[in-house]
Every structure is written in C-alpha cells, then in structure tokens.
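Consider the two complexes below, in which subunit A is the common component and subunit B and subunit C are the respective partners.
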Partner chain A sequence: MKVKFGVVVFPGSNCDYDTFYVLNTIFNAHTEFLWHKDTDIKGSDVIILPGGFSYGDYVRTGAIAKFSPIMNEVAKFANNGGIVLGICNGFQILLEMNLLPGVMLKNTSLKFISKDIFVKVTNKNTFFSSKIEKDVLQIPIAHSEGNYFAEDSVLTELQENNQIVLQYSSQDGIVSDEFNPNGSKLNIAGIINKQGNILGMMPHPERNSESILGNRDGSGIFESIISNFINK
Partner chain B sequence: MFKATVIVKRKPAILDPQGKAAQQGAKLLGFENIKQTRIDKFICFEIHVDEISQAEEELKQYCDKILTNPNMEEYEFKLEKF
Partner chain C sequence: MVEQIVDLKLALEHGLTEEEFGWICDILGHVPNFTELGIFSVMWSEHCSYKNSIAEIKKLPRSGNALLVSAGEENAGLVDIGDGQAIAFKIESHNHPSAVEPYQGAATGVGGILRDIFTMGARPIAALNSLRFGSLEDSHTRFLFQEVVKGIGDYGNAFGVPTVGGEVFFDESYKGNPLVNAMAIGLVDAKKTASAIAKGIGNPVMIVGSSTGRDGIHGATFASVELSEESESKRPSVQVGDPFTEKLLLEATLEIIENDWIVGIQDMGAAGISCSTSEMSAKGNSGMKIDLTKVPLRENGMSAYEIMLSESQERMLVVAKKGFEKQIMQVFDKWDLHCEIIGEVTENGIIDVDYSGKSEAKIPSFNLVLGGGAPVYKREKKEPAYLSEKHNFDLSSLKIPDEIKTTFLKVFSSTNIVSKRWIFEQYDSKVQTNTVVGPGSDSAIIRIKDSQKAIAANTDCNGRYVYLNPKVGTKIAVAESARNIVCSGAKPLAITNCLNFGNPYNPEVYWTFSQSIEGMGEACRFFETPVTGGNVSFYNESPDSTVYPTPVIGMVGLLENIQNRISSFFQNENDLIYVLGQDFEEIGGSEYLRTIFNLVEGNCPNINLEIEKKLHNSIFLANSKKLIESAHDISEGGIITAIAESAIGSFEKQFGVKVEIPIQTRWDFSFFSETQSRIIVSVNPENQIEFEKTMSEIGQYFNYLGKVTNKDFEFNGNIIPISELSEIYFDTISKRMSHEI
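The block that comes next holds the complex of A and B.
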C-alpha cells in the first residue's frame, strides 16, 4: 500500500517543490499538489502545508491562507482525524485556523533567522515522530515569526498531554533559554493536537532528508508518517 | 455609507518586540520621558450601507475573522457617516 500525500500550494509557498521532491523522489510516495483555489484533496491520506510566505504574510502570517477554498476541505479532513503536517508557514496557518493552540509572534531579535539549530524530540510516541532514531535533530529553521506564544494555562495543558513534540535545545538535548533562537515559550519548535493527527513544526524537515545534503535528520518525520500509515 | 477606522492592539500580556526595539532607540537618543512604546495597527475602510447597526455588524465580523486574531489582539473602532 502506498500513502498518498497532498502538498497544498498557496500563492507565496516556496517549500512546496522541496516537499514534493522529498516525498516523491526520496520516499517514492504518491504525491500530488493541491492548488489553493481547488476544493478537491484528490484522495490524499496525508496533507502537508508547506513553508513559504502565503499571501505575502499580509495582515498576519497565515491569516489569509486560512480562507483559501482548499482549506475548508483541509479543515474537514483534519477534524475527521486526517493526518496533517504544517511546516513553518504551514504551522502558522494551523494556528490561525485554531487547529492548534497558540500564536506566532515576531522573533525576539526581530530578525529573520535562517540557520541549522538543534531540537530535542520531546515526544517520540506520535504518528509523526515514532520512527525518529535520534534524540536530538540538527535541522534548519528559516522564519521571522517563530516565537511561539500561548497563555500559561494552554502551555500547562500542552505539557500535561505530551503535546510538545520538538523543543529547541543544545546538541546534547538541553532545553534552556540559551538554545532558544526566537523567544518561543518553553522552547517550543513543534506541537501536536490532543487527538494526535495534526503536527505543526517550525523547522524544515524537507530541507535535510537526504544524505547528499550532509545530514538527513529531517527524514525521520516522513519515515514515521509513512510507516505508521502503512501499519495503521 | 460609513468610514471605518480600526485600531488593532496586542493584548497587554503579548510581547511586542517592535515596540521594545523602538523604545530602546528612544533611550539611545536620550528621550528620557518616552515610555512603554507599543507598535500596533491602524486600518481604515469604507462600508457602503445605510444603517449604522449594519455597518457595525459587518465591521465586527471583518475584524473577528480577518483583521485580528482574538488569541493575541483586541481592537477598537470608529464609524463616521459620509
């Protein structure tokens, strides 16, 4: 059985082709682009909201993208338990849609940060992370609004339900302010919803999923999805 | 018809890195009396309806659905007939 991936393309998406390439060529998975004006998710088993600057990030990141015709279908799919992964701008869109809790603020440095950082895989017991072998991943981030914020009660709930999947850390997995690139509460780099079918993450796993790039730490996310889908 | 002006403010608990940066600039320039800088948004548009109640209703929906994220922002508005 082959998993069918759908990669949503908004005006301003710029990681859509990277994501398509990784799924289609590296993982040999059936992959389709889903145009923002369409209303057909083409039988996708897994939907990916890729990185980029949908609608120029106007008003707020993800604020306009959530009204795209395709997103009504994505919301229905997600609310019925469909597997959805939002990467970077995709994560911001999931927050705007209230499919995940919290908001993204500007990085405390006010700068666009594009570099490799380390994240601790805090929860490996998810559909998206169970096949990740390492405890700490070296993975690129590229954003200016990645400063995750939520009220304390929401943060407590995220912790209690093990919804925090990735946290900015040292190379050895130490989670502290020193290793927080953007000011995120609790060093949050990725969270999952309570039901476990929607993951939002700021790092870009599609940018380091093949060894020719020197590091394939991002691949475990896609391997987990594919493997868990087949064994579902 | 009405002219609408909306001021969108972050909730007080939400960090405003831009306001903070401007505030630091003020300090560097020696503006000792300038405090608590916040950088927020000012938005204006027209609403082509006759009744103010309808204008207000549409404005609120627009603000709630697109112009603000209620998780981090609040807004105040003014409607002027023209």
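The block that comes next holds the complex of A and C.
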C-alpha cells in the first residue's frame, strides 16, 4: 500500500515546499498540499504541519493557525488515530491545539537560533522513529520559540510513557544542560502523544534528508513513516 | 501633513534647489501645487534620481554575454545561467533608516530588496548582506548592531529566504552612520520574467498588497541628506516591515506573473505611488490617470500628498492586461491581500492624479524620472589632501613587536577577523533546502534543484583600502569578490554594487566616488563580470564622522557541477598546505596596523589584475584535475590568519597545522601582510607531484608551507592549542555582546 502525504499550507508557512520536495522527489511518495481554507484532507494517510510563521506568528506561535478551517479536519483525523507530524511551527501548532501536551516559550537566549545541533533518539519504538539507525542525529534547528515547557506532572508522565522521542544532546548522546540550545525542559526536542500517532519536533528533518545538504540524518523520520505505513 | 502655500522657501525645505524649483515651474507652466511639489521633491531626490551619480555610473560595464537585462532597465539585473534559467540579483542600502531605527530600518531594507527580485518574476532563493558599524566597545554601537541583525533575521526568517552570507566590518568611521546593505538573489524561468512597464491604453492600474499609511513619508528625501542632530526626529520617516504580508505578496505576485495576466509590475519602495506610477509610465512612453480615493488606506484623513509619498511597505503597482482583472483579484483574494483598480494607462504621458473628485496633480511622467527629465549633475572633483600624507607614512619606522604569539592572538581576535557566528546563527540559512555551503565560508553555495548547477555568492569591500586609495581599493573589492567565488570552485558571472559615500557636493568625496567607479569599471571589464545594477547611497555622514568610502560588491558565480565545489577548510590530516601567489609585505591599511598600532596609514595593497586572473585559472585547473582539497583566500590578517581560518573555521571538523611561513624582511610584516592575489590550498600527499608539476607548468607562483595535523596550531616554532584559537574565533563577538570582555 502506498502512503499518501498531505502537507498543510498556512499563509506564512515557509517549509511547505521543502517538505513537499523531500517527500515527493527524494522519497517518491504521493504528496498533496492541503490549503488552510479548505476542509478536505484529500484522502491523506499522513498529515504534515510544516515549519514557517503561520499567519506571521505575531500573536503567539500557532495561536491563529489552530482556527484554520483545515485544522478542524486535521484534529478529527488525529483523534481518530491518523498519523500527524508537526515540524517546528507545526509542533507549536500541535501544542496550541492540545493535540500534544505543553507549551513553547521563547528561547532562553531571546534570539532566533539557526544551527545544526545533535539530538538523541530517546525512543526508537515509535511509528516515526523505528527505522532510524543512528542513536544520535545531527540536524538543523531554526526557531525563536523552541523552549519546551510543561508542568512537572506532565513531564513525569511523558517520561513514564516513553513519549519523549528526541532530546538535545552531545554528539555522543549525553543529554545535559550544556547541550540544550533553547532551555527546553528535559532537553525535549520532540514528543509523541500517548496513542503514538502524533509527533511534534523542533528540528527540521526535511533540511537534511539528502547528503548534498550535509548529511541524511533527517531521512530516518520519513523512512520510518513510509515503512511503517506499508507494514501497517 | 497640512497643505501649504508653495513658494521657493517651501521648495528649499523639500530639499530642492532654487534652480530645480525654476525648472519645475517651467515644466508645469505654473507654480506646482502642494502635492505636485511633494512628488517632484521625492522623485528628484538623490535617492530616486541618482542625479549626482548617474553620469559616473554610466561608465561602468553594464552589458555582457550572460546579461539578459542591462543595468538600470528593470528592478534588478538578470543573468543567464543556462537551461532557460536566469538569476535576478541586486544589493541596496538602508543606511539612514537603520541609523535612527535599526530594527525596522534593517528589516525593511531586506523587504525592499526581496520585492525588487520577485517583481521580476523571480523567486528569492538567497539573501546576503554587508554591514558596517563603529566599535563594539561602544554601547550605542552594540545596540545598533544587535537590532540591525535582529531586523534582518526576523524579516528574512519569516519570509522564508535563507540568509546565506555576507560581511561585517567594524571601524570608528561608521560610528554615527552604520551601513546596512541588503542583497537578494532570485531564480526565474528566463521566458517568464516581468517588466516594470505601463503600456496599452486603457489597461487597468492596480494597487496590491498592504494598505497605505503615513509611514515612510519622505523616506527618500531623508536618505538624501546627511544625518544630523535632527535625524532622530525623522524616525517616522522609517517604514515598518511586515514579512508575513510580504510572503503572501510573493506568492500572489508570482502567480499572476506565471499566468501571464499582467503587462507590468513594480514594487513600491522609495517614493511609493509617485515613483511606481511615473517610472512605469515613462518606461512605456505612456501616462496614467489614477484616483487616490480607491487606494486602501490604513488611517483616515490622509491627503493626496501623503498618499502619493507614503512608503508603506509590501505594496506593488500592477498594470493588468485588460480582461484579466477578475483573475488577478481572485488570486489576491485567495492570499487575503488588497487588490484595487485605481486607474488606467493613458496615452498622454501625464501622471494625472485625482482625489475625492478633485484634480491633485498633473505631471508628465518623463520629467520625473531618471533617464528622463530628472536633473543630471557633474560635480566638482578634488583629490583629498590626506592621501599623499597617508601614502608618505614611513611604515618601516614601526617597532617590531617583541612577542610573536600574543601579537598574533591580538590580531586574530579582532572583530573584523573572528567568526561572525553570533550574527549568522540568528539567520535561517537553510530554509528552501538549497544551502550547500552557508555563512562562514569564502562564498555561499546554493544548489539549483533538479540540475547539477549551483550559484555561488558573496559580498565584499574593505573600506579602509578605498579610503587610502579609492581606485585601487575598489579594484581590490572586485578582485577579492571574484577570488572568493573562485575559491568555492565557481566561475564569476556578474556583480551588483552598493556605493556608500559621503556628501557628493564635497569635491573630495566626489573625486573619491569617481575614482572608485573607475577602478570598479576596470576590474569588472577585466574579469568580464558586468554590473547588473545596484544602488548609490550618498550623504553617509554624521556629526561624528564621514564613513570610509565603501563601494560594496555583491558577486554571483556559477558552478556548472556542484560536485566540483571547493571547501574553504582543510579536509584531512597530513594534507599538504601551500600558498599560491607571492607576498610583497604590504602592510598599509592592514588589520595588523589597526589592531597593534591603532593606525590607518600607508597605501592599500597593490593589485595586478593579470596576476589575479592567472591565480583564478590556476585554481580552476587544479580543481578540474582534483588536485586540491580546500582553497581559502588571504585577506585581512594576512597569511597566518588565513591558515588559521582554514584549520578551525569549520566548527565541526577542526585541525591543527605545522607550518613554516617564509619571512622576507620582518616576521610581523610577512605574517600579517595583506598582499592580494594569494590563496591557501591544501593538497593530498598523493597528489603532491602532480600539483607541483601543474602549477610549475603554468607558471603559477607557489610555496610549500607545511602540513595539516590533528594537534596544535604550530607556526614557525610557536604553538597554540586549537581549543584556544577556536574559542577566540567563535566566541569573541558573543562575549563582547554580553560584556564578558
């Protein structure tokens, strides 16, 4: 069975084409754009909320995007167990919609941070990470608000349920403050919901899925989704 | 703005001269009304008319085999890169706005240059910049620096264009008047470009994008005088940027161009509706009748004068093909943007403006524009007196420092040399997934998807050199840009320029400007890199100082095959390190002189264009035979700095070296000489014989320096741990900004 991806386009999305390109050209997957004003998810098997600045993010990241007509459908899809991946701004939107727990604060540096960092793949037992071979990925981040925050009880729950998928780390996988670029609680770079069908991550896997762009460490995320869908 | 009686006094207050006011009265056949005066004053400002520069600029080579559009004809230059594709690129200044409102000034500078690119029908694929500030030891400079960087980042990041490179230089001369030059590069199907033209009688004229407010009124006039104590009060002349709307405008604009529904389009930057209506009409030998009542406004009670002069951002003027209005409106509606028909193209050549049923202005479009009736002046030139004094300075009288290691570390920790990581980590450099080499290398490399090709780009200028020798200094700026393109493996294609100078009415400034243009022309002709366009920014003076003459070069090159790219950084332990090109111990105007002796003296280094071109060919040849692992040009800080940069400049893969730098007369001059036309390369030992043979055969001067190691930075018996060098290189600016040093 061939998986069909839908990439949501908000006004202000700017990683929509990048995500489309990777899925369509690099992974040869059927991919469609989903316009924010539409209410049709066009039979998507997997929905991706791409990076960018939806509606300019002048209010609070993702605060306006959650009211888009398409997002009602995405929420229904997600609540029915549909596979949803939110990257960067997409992660922020998922938090804003309470499809994932917690909130994003401004980076502790109060600056936009754009650089390659390392993340430890803390949980490889998910739909999104099972085909990732390496234990630590080198991957770009680019955000002002990636400082993940949640109450201690939520953090404990995330840990107990193995919902933390990616954590900022050293090149050798050491998770500590020293390697935390933005102040995230527990160095969280990506989390999954309890049911395991929704992943939000701040790093941009679509930016390093080709060796010409530095490395292919991001490709494992897409490979996992595609492979797990076929075997579903 | 209250309507006032127009007389000579008011014209003078608008920045016009008595003579110009007379011409305006002659053109119109009567004294202009208030709105007409406003329109003339912005259109004839230096910023829009280039009245004091155009006679000189015309001397630059402005066409060439790869140029699809000659300089100045459209919003940006257009260069053929084969396979039916073209690159549109341009650099522009936003100095004065950034001096009084650094965040918005810099942000709207980026916004303006991006619009110049996508009005051509090109999708922006990369942004670069060139910045100048005073010393970071000064708190106000730190404020300007921080806000400018944030402004550039916030705009480009939200818009979704990768900021892939640039340069920053700190010097006291820029203290009161920082320079903020923004460059953008776009990719377009060569057959689907758009033109800034109005033609076809009866075709509808539309205003699209943001609504019009009172921001930026007289921005163009503000840019055409020196900064002064009163400049602070001009803060309302600075526009406010909205990258979100710009992103929507980009998508909508490209959609209507792609569908071929329009005749012409121009962005609204300086002088807003005045400039776009008159320039598009003049280009098409037509006129326009427009009704300002139809313009979507941001606030009530705006006068015709204010609407015509507003520089509200994120707007475009579109001349539609009659019959396609509905389709165009649907596109803008889809993107939630304004789109209103405000008039139509006429045949009488007049910009005819109505507002609320009243005629507000009637001006022949031709008389308003550059290349038409706008004034053209040749200013008086005089060689500045300081030059011979500087050139006669006896450099040999300088005391040789006692300590080699500490001297090197002091030069190496100059903010002009260390990594600009603090800056570029605030810029999204990877969005669009084309960035193969990002900031921090000699040139950025951007791949063209679905092809083997890539574009290389950089910005360059050492204002200190140009100050010491305007002609040679500018030649060096072009040569160094080209060298940086070559070091990435690409072939130089064309340049855009941003000419930042002082007051052109000062004969010494004008002489410098003229000499600089001469040097640029000579170098560009030699390298066959025509000037595709750019921007002149005069009046870069403040009560504190006049800036160094700073003709910034933005160069674009083409890599036919991206697999042939060259890194600036050493790649493997045990590789051999060579220098190509001979040293002449040129220390005038050097970073060494500035950091160790606090002097800006002597003459700038010499440049021999023949030798430079030969060097480029040597790199091409060595690269085509796969004989070199890295190439990095020698510039500020000399050979020792270049070796250190190649060793540790890639944060991810750092090496040590063991080298012996040849000393001619004095170690300090040999280490820190900024003699041009030199490149550090590294060579796999297996290729040593072939490399040396190849270089000898073509008569390229080269010298073996030593080896790449996995240990310390070891030069002429001195040892510095890599960790120490790396900390200086990568952390100096962030420490300065957080007051740790």
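Keep this in mind: the second predicted complex is superposed on the first by the 232 of 232 C-alpha atoms of A that agree within 3 Å, B and C clash if a C-alpha of one lies under 4 Å from a C-alpha of the other, contacts with A are read in each partner's own complex, and residues count from 1 in each chain.
Convention: a residue touches a chain if its C-beta (ideal position, glycine included) is under 8 Å from a C-beta of that chain, and two chains touch if they have at least 3 such contacts.
Quantities reported herein were computed from a predicted structural model and do not represent experimental measurements.
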Partner chain(s) touched by A:Tyr17 [first = subunit B, second = subunit C, both, neither]: second
First (subunit B), second (subunit C), both or neither touched by A:Tyr55: second
First, second, both or neither for A:Ala142, with subunit B first and subunit C second: second
Contacts of A:His204 with subunit B and subunit C, given as first, second, both or neither: second
Which superposed partner A:Phe33 touches (first subunit B, second subunit C, both, neither): neither
First (subunit B), second (subunit C), both or neither touched by A:Asn107: first
Shared subunit A surface residues [contacts with subunit B and with subunit C]: none
Subunit A residues touching subunit C - in the complex, by the definition given at the top: 11-12, 14-15, 17-18, 21-22, 25, 51-53, 55-58, 111-116, 140, 142, 204, 206-207, 210, 212-213
Interfacial residue positions of subunit C with respect to subunit A in the complex: 150, 153-154, 157-160, 242-245, 247-248, 335-336, 424-433, 435-436, 447, 449-450, 562, 652
Residue ranges of subunit B touching subunit A (in the complex, touch as defined): 13-15, 17-18, 21, 66-67, 69, 71-72
Subunit B-touching residues of subunit A, taken from the complex the two chains share: 59-60, 63-64, 67, 95-96, 102-103, 105-110, 147, 149-151, 183
